[in-house]
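So that you can tell them apart, the chains are marked A, B and C in the order they are listed, and the count of residues begins at 1 in each.
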Amino acid sequence: MYVATKGGEAAIENSHALIAEERRGDPAVPELEAAQIREQLGGAVDRVMTEGSLYDPDLAALAIKQAQGDLVEAIFLLRAFRTTLPRFGASAPIDTGAMTIRRRISAAFKDLPGGQVLGPTYDYTHRLLDFTLAARGETPPVAPEEDATDAAMPRVADILGHEGLIEPETPPPGPEQPYDLTREPMQFPAGRDQRLQNLFRGDEGFLLALGYSTQRGYGRNHPFAGEIRMGTVQVEFTPEELGFPIALGEIEVTECQMVNQFKGAKGIAPQFTRGYGLAFGQAERKTMGMALVDRALRADELAEDRLHPPQDEEFVLSHSDNVEASGFVSHLKLPHYVDFQSELVMLRGMRASAEAMQKEAAE
Amino acid sequence: MSTLQPAGSGAQFHSIDGVYNFAYLDEQTKRMIRRALLKAVAIPGYQVPFGGREMPVAYGWGTGGMQVTASILGVDDVLKVIDQGADDTTNAVSIRRFFNRTAGVPVTEATTEATVIQTRHRIPEKTLREDQVIVYQVPMPEPLRKLEPRETETRKMHAFAEYGLMQVKLYEDISRHGEITTTYDYPVEVNARYMMAPSPIPKFDNPKMHAMPALQLFGAGREKRIYAIPPYTKVRSLDFNDYPFEPQQFEDPCALCDAKGVFLDEVILDDKGDHMFVCSDSDHCRDRRAEGHMGPRAREAAEKGYGADE
Amino acid sequence: MQPAAIDMTHLKAGFQAPVLDAQSSFRAILNALSFPGRVFDIPAPPEAPEGWPPALAAAALTLLDADTTVYLDASARSPSAEAFIRFHAGAPIVDASGDAHFAILLNPENADFDTFRIGEDQYPDRSATLLCAMADFTSGTPMRLTGPGIKTVQDIAPAGVGAAFWMAWARNQALYPLGYDVVFAAGSAVVGLPRTVAADPVKE
């Protein structure tokens, strides 16, 4: 038995050699180390970890290097690795109320317990290219003044909750095990656990655009950025054989709680509603888009008219995954000549009979 | 007690390359897919949802077929992979290399030697046998999807065998064009119950699905569905009494091997309209030429003293 | 809830080469359901729980894991059977047959077949698979099978099921596309009976 060594095989080998060469670029320029990517391209690393659904900055950095900075490709690399890992179980829910805060802002209140903590953000930078960075980044670092973050930082949603002003967030009834999209296929109608998981893994650009469209009237839901907080939280896991939780370590996350237009019903006083966003690392844009879309997708639950794409669960959840989307779009590059031939045969046949009919009519 | 190892312990790995499990997928994933396959066989044409995994190739490039193949493949198997009927198309080569590396199974281009055939867009011309399994790569498993994008709706249609939507579509074709214009991925009814997408094979291949002696398995990775047609199962291409199903027909034989009644690819020879038709099934064509059959172009070339396919 | 510790004293060995044995065992079961009524050899593990044909143990090791619930009939349920399933497969054992993805029946003739899962209109795959022990496939009531996977007819005479089973089977078959599916196991061989298959007594 043999392995075909034909044009195809040689072309593939060749292509692999070419991308390796492209990736390295000019050998006179020092090669990038994965550690440099991890430390200096944090925004890319965080996005790849989030949409790759694997918290591992080193592997995300490696994937970014391997993919030449193509983040969708890097996400794919990380996902394909993740899928080979054994699953031990589900961790305890992280407690973002107990977060060690680096940044925390609320657009809904001027001040609040724990205060506003600006932390690291591009928000107030002037978007002017900084040519000192081009000169090998030799800006002398100014020691940043640490924000006082020791104070207790209750979540805005909890503060509103004490007064009953916002709908309570209670775990859905049913089994405690959350839906695991990496092990079960999507199912409609989707529970909120399945939806949030899908949005967490969903493409940032897709969610940003959909969230934006809700602001422009396609499923408007009057959002306030109730709170965005970013920092580190503990991850705890209870191994079956131990029966008590152990700390696995800390992860950095960004959480966005949108506070949306209020709702009331017979016997229920009007309350604000929620939209929720979460991502690994520093990912405000992603979590805000996610929170807007999450809220829009609750249309049925909140008895709102479902008129626009961001409110359409099947539409959003079926198309949010960029690994799936890029795969299926790019598969058009594969040969389709058998199907094309089938169409050619049909088209020629139809044209021939149309010609014959015209001829007949002319005679 | 040294032979005892708990389920899922890494010590059971039978790895070819020292990194991944035999045939890449872990055992738990294989078991999940295997259970889905058994239900698929028990409910011919019904799409079984399964927890499809991310594969190291892109969605849309054969991940469903690969997961099915990985779950059935054993050391005694001989694997053949085709795309567009040919073994040497790039993606077929790529998938074959993947299994050769991760499972170490022998691979072949000969349809008759293969025990497992993974395919995209074709069924081989040679009649498959009972001891063979054909695995189709499926991009869109839902035959009704083009007519109704919602899974919640199409699932109901299948549950109650409400297939009027497709009948209407085909009928509209006839009233507009005088015939059904679907030429590939032509919908079929399996075991007189489920409507099924045969994957984008040309409708030429549809009749081969009916009562095929080999087991037919279908894997859609991105859409996370598996389905099957058991051997000797009734497969009917949808049609109407007054507009019966008609597969494509080619007027000319294969220019190289003279085969008639096979699916042909059109090869463009110049920019002035010269073209020839050759077998889409590269193995079938090679076999026939080895047996001495000669098509018009091959004969012409032989008379001039050079090989037509060089 | 932590189940009690596994009773290792009764534990029987599993597959010797788990990855490859599970694969060939699966292919035997896949073949059995693809060609209903035909007998396929299955690689049996060296030991099996009391009363289980080796083929039954092979099928259980191949198909069960922590994601599948399993029901054992009274004859099948023994300390060694429980240890076998929990240690090798990690499958939760359920007491109600209606909660089970898989059922292991050593005494299928006495089972209450109408309690097994038959799936749902929109999800007919959410149905039970019954693994039934037989003495052999030749000395029971001769039955003639027809349906997908069978070119013309296939005769079979599994010893271990009789009129009660075949009557239940006729009811099951009428539910199509809903219904449960059956794998018979005798010695080191299996026979499949998917819900698509009709069974009629062989007329002399």
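Convention: contacts are C-beta pairs under 8 Å (C-beta built on N, C-alpha and C of every residue); 3 or more make two chains touch, one makes a residue touch a chain.
Just so it is clear, the model here is predicted, and its values are computed rather than measured.
Chemist: If you take the mean of the Cα atoms for each chain, which one ends up farthest from chain A?
Modeler: C
Chemist: Measuring from CA centroids, which chain ends up nearest the centre of the complete protein set?
Modeler: B
Chemist: When the centre of a chain is set as the mean of its C-alpha atoms, what distance in Å lies between chain B and chain C?
Modeler: Here the centre of chain C sits 30 Å away from the centre of chain B.
Chemist: With centres defined as the mean C-alpha position, give me the chain A-chain C separation in Å.
Modeler: Using C-alpha averages as centres, the distance is 43 Å.
Chemist: In chain A, what residues contact two or more other chains?
Modeler: none
Chemist: Mark out which residues of chain B touch at least two other chains, giving numbers and ranges.
Modeler: Touching at least two other chains: 8, 32, 49.
Chemist: So in the complex, the part of chain B that touches chain C is made up of which residues?
Modeler: Contact set of chain B toward chain C: 1, 3-8, 12-14, 21-22, 27-28, 30-32, 34-44, 46, 48-49, 71-76, 130, 155-156, 158-160, 191, 193-194, 211, 213, 215, 229-234.
Chemist: Looking at the complex, which residues from chain B come into contact with chain A?
Modeler: Contacts found on chain B: 8, 10, 20, 24, 26, 32, 49-56, 58-61, 63, 78, 83-85, 87-94, 96-97, 100, 106-109, 113, 120-122, 139, 149-152, 177-179, 181, 183-185, 200-204, 222, 224-225, 248, 250, 263-266, 280.
Chemist: Spell out the part of chain C that touches chain B in their complex, as residue ranges.
Modeler: Chain C reaches chain B through residues 8, 11, 13-14, 16-20, 22-24, 26-27, 29-31, 33-35, 46, 62-63, 65-68, 87-90, 121-125, 127, 129, 148-151, 176-177, 181, 194-196.
Chemist: Touching residues of chain A toward chain B in the complex: what are they?
Modeler: Residue positions touching the partner: 1-4, 6-9, 11-12, 76, 79-80, 82-84, 86, 182-189, 314, 318, 323-324, 326-331, 334-339, 341-346, 350, 353.
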